[in-house]
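Each of the next two complexes has subunit A plus one more chain, namely subunit B in the first and subunit C in the second.
After this line comes the complex of A and B, so read on.
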């Protein structure tokens, strides 16, 4: 691949991701509204919210790490987008592979932890400690799933996985147990109900986000768009055969994100230790069994 | 307050803005004002009975989210401070603390008659009577208590105001801080102070006016103690 195309991909992929992410946030809020029998937000609401936050006149910064934390949170996802192949654009996916991607996906949480640490708000500290514990909970099944999938295809290259799946059939049919465990981990990764104890608006005032206002909150809203998009595309790439063209790709990623959302808004939440227990029991068990089937 | 014409009306002159060179500046301002009016996160400070009308306004019956209005739980993320009901002296301290932590532009709505003039707590020794003496209030929604329709009507009025760019009382708090601080000191005593450095913010963002500092801010500086972090102790 010549260098010009690669640079164009790296610039275009995050923009595409952001636009699709905005629609996913809209879908999320519409699903919540429909489940609660409301009308829901207008079409441009996610974008309007972000513009509003960026147009705040006064900004409250708690220091350098607070600023860097937000940059890391958004930057981690920006880097991750260039590793996720979409139809027509491969970016750096052949160089990076799934292991690099897994590392990149941890950067946002760590960046947030840095930033929140400097805010010195007790609610924020409680929130981020819960968030990191939650990360520990869902990352174990997530890593097991990644390992199983990589073993099955004999590669860590995401675009190669897609072409293999398009030749022999979707990963979800060949590795149903791993796909199930992946869905569990996805639910945790999105930080939505049953597993949103670290946000807990009514008790610890949105936890890690408690001191974020103005442009900081705008940055986190942008991050949420990327987060939903990344989760959808990653799952589609691993188990649903990626996309041959944009239409079926979009249908797949929106469907993948819609499933956890529908579960989310019909459930209350688990406590942190219950989440750990649940995550380390069922998805891990399913994942390990899945690996056993894949290996033998 | 028997004679309506005696109610003091404060009109401020806007400082002349520096000439905008970008031809698209007008369009951009318009877009920002539109976004600010269509996305309002409200922090409902539920002090009194009026708060009970907010849940129906937010949930499926009246659904404020279709207007872009959402509840938010921390002052840093909020745009509107809703004060729903009577304000006791003790509560008022918390309201002011909360208000000063919000990033501007910020708006205050007083819901219920009690915030307008004390309502049925007029004779109480423990309630602050007029909220607008202590905070720059954008809008009052009167009623004991106002129904959700009235609340939403008030919100729409605020939206229209924001979009037309007419009302910006949050600047008033910076420009006439001395007046508000004086009323606060009158109620809480001379040693009243908040962690937010309002004067510093006003100077930093170029919002300070001739009435930002005065005799009351001098009293504040006299009593002001530096903020110290609490020592972490494990018992």
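After this line comes the complex of A and C, so read on.
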């Protein structure tokens, strides 16, 4: 790949991700509204929210590390997006495959954890303790899925996986059990109901966001856009054959995010230990069975 | 005289010079200078690290008719580099402000420096051993040198170091048995004769030798179930001593395993050995032991409330990654395992130095009695942050590269359960190191820590140097991978083709240079976005949302104890101390057998103890 195209990709991919992520947030709110028989927010509401957060006059900083945490959270995602191939743009996907991406996605979490820790609010620390525990819960089925898929396609390179699927059919049909386990893990990864106790959006005083306001909250909002987009694209890449062109790609990624949202808003919440039990039981079983089918 | 002689003589000279100045204030400088000189000589030997033929020492002599051979090859050079690096950093750290503090506590920094120099010397000697006899002699010297360093602090350290030496002696006996078998079969203790004979040996014999040698090395390495001594013994060692032991000392066991299992017996032979009634080969069993060595100690670390214990337990767990990578026998996996020795040594050293800088300033390593030190000790914080990112294996630090290589090889070799096991270990590490940095540097600053200042420069500089190495070798892993490739060639493993940025592979490689550049570009854009949008107003940490209460400095609200309450609710009852139980069973059994046989002798052969007593009395009288 020539260098100019690569640089253009690296610059464009996060921008695209952000814009699509905004639409995903909008969709999420619309779905929630429909399920709760409300009208829901207007079209530009997510963008307006971000602008509002960033332009608040009161911006409370709990020290340098609080700032750095937010910078790491957003910056980590900006970099990670260039590892996720989309139609027409491969970015850095050949320089680090699915394993690298998984670990890149931990950088924003680490940044957030450092920033929240610096705030010296025990409620924030409790939130981080729960968030890391949740990560331990959903990452185990997730790495099982990664193993199965990468073994099946004989590569960790995401763009190669896409072209293989476009030649021989979607991963979801070849590895239905892994696709199911992946969907389960995805639900936990997005931090939505019933696994949202660590975010605790409904009772802000007991989650990581407790000391976040203004552009700090804005940074987390941007991070959420990237998070939704990453989850959707990653699942589409692993199981739904990526995208041949933007239209079918967008349909797929929005569908992938919509399904967990529909489930989410009709469910109550699990406690942390129940989430561990659930995640370590069914998706792990399905994933291991899936690997057994793929390998033997 | 070859350069190897120069290296060993410099090490011996350092030892003597340290001993000569042991009571003076200059001892730290003398020891650091000596170690620096040794490192310099090692750099002159650098061609070894790029695949030059082995260097033999001119200092050769016979013992019991066996020629003792001293030689350095690529593997010896690689381990020696880490040993001397860790030794130098620890020695510099222990000089200056830290030594005054240590002396004020009534201890002798001189003996600490001497014990460090002795450890370095014996380890360099072990790495030079070119036959089984010198290997065994040097192995014993290393064991006793570590014992000296561990026992220096007296008190509880003595109990733990005795536990270590008990384990080490048992391991040495196991090695001695293996040596006896080898000598009986080949009539010599040369590596060459062993390698020539090994092809004809039966599966049973290979298994026996693998296990006997392995048990000896596994004790040093802290492989399950021989790990119980390590965390306690290391944690009680004085600061820089612990950093040295934690970084490299236990890897001598891995050196032995690589030498005997990989170079002399050959992993192919281990793969050929099938365990009856299972579908596993001997190699698979060893890999599973490595997997349990990753998981169980890592989750034990998660429960520790003492920073030193926490890191010591991680040291045991990280050893599992190295062993697993090497046993995978593929070019990528074994390179990952060997690379992890270097990466882990840098990470563990910087973490322990940072912890001891905190201990130096606050007097405690108890994770429930610290907090909020970021504002007081920012450089130490940076050192610890770099260390935890590396230890947890998150980009952009070097620990990620070696772990990535291990994962990637388990993936391409088709070992799903081992892959999942190693990721479970990494996740546990992330949880545990976050607790470490959170409880130490984040959250509420205690009232009594208000006047705390940054650690002195003599301690900060070694930490910064290590942090820089961690970042640079993560950014350009090819620097170390050159040496790793030479080690692979020396022990007969397939050699990994690599680039400066990592690994080129058509089906998913790694290029850290690009990735790190893009990561920092991301941080840059994000920082621009953050700082360009309005000024934020810094507030005091007590200016905090506290649910309607006013906070004051005397109220302790730092969330530190029982940090992962939710997780422990689920897995807490899985900790059963089974290994401790097993250890006590073995100890009781041994003591019972000893008493029983003593009684047996007294009853059946009353003349024998009397004869022995008579001989002793006569000898004392004469």
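By definition in this document, the second predicted complex is superposed on the first by the 291 of 296 C-alpha atoms of A that agree within 3 Å, B and C clash if a C-alpha of one lies under 4 Å from a C-alpha of the other, contacts with A are read in each partner's own complex, and residues count from 1 in each chain.
To be clear about the criterion, a residue touches a chain if its C-beta (ideal position, glycine included) is under 8 Å from a C-beta of that chain, and two chains touch if they have at least 3 such contacts.
On a predicted model such as this, the values are computed, not experimentally measured, just so you know.
By the touch criterion stated above, A:58 is placed in contact with subunit B and with subunit C alike.
By the touch criterion defined above, A:33 reaches subunit B but does not reach subunit C. By the touch criterion defined above, A:257 reaches neither subunit B nor subunit C. Measured by the number of subunit A residues touched, the leading partner among subunit B and subunit C is C. In the overlay built on the shared chain, the residue A:214 is in contact with subunit B and with subunit C.
Of the two partner chains, neither subunit B nor subunit C is touched by A:172. When both complexes are overlaid on chain A, the residue A:100 reaches subunit C alone and has no touch with subunit B.
In the superposed model, A:234 makes contact with neither subunit B nor subunit C.
In the superposed model, A:118 makes contact with subunit C only, not with subunit B. Where the contact sets of subunit A with subunit B and with subunit C meet, they give residues 55-60, 120, 205, 210-211, 214.
Of all residues in subunit C, only 372, 374-375, 385, 389, 393-395, 400, 404, 407-408, 411-412, 414, 416, 419-420, 423-424, 427-428, 430-431, 434, 437-438, 441-445, 501, 507-511, 514-515, 518-519, 521-527, 529-530, 533-539, 541, 543-547, 557-559, 563-567, 569-571 touch subunit A in the complex they form. Interface of subunit A with subunit C (complex): residues 10, 14, 54-63, 65, 67, 70-72, 74-80, 82-83, 92, 94-100, 103-104, 106-107, 110, 113-114, 117-123, 125-126, 128-130, 132-133, 135-136, 139-140, 143-144, 147-148, 150-151, 154-157, 160, 205, 210-211, 214-216, 218-219, 271-273, 276-277, 288, 291, 295. Taken together, the subunit A residues at the contact with subunit B in this complex read 29, 33, 36-42, 45, 48-49, 51-52, 55-60, 120, 201-202, 205-206, 209-214, 217.
Residues 31-32, 34-36, 38-39, 59-60, 63, 65-66, 68, 73-77, 79, 101-105, 201, 205, 229 of subunit B are the ones that touch subunit A when the two sit in their complex.
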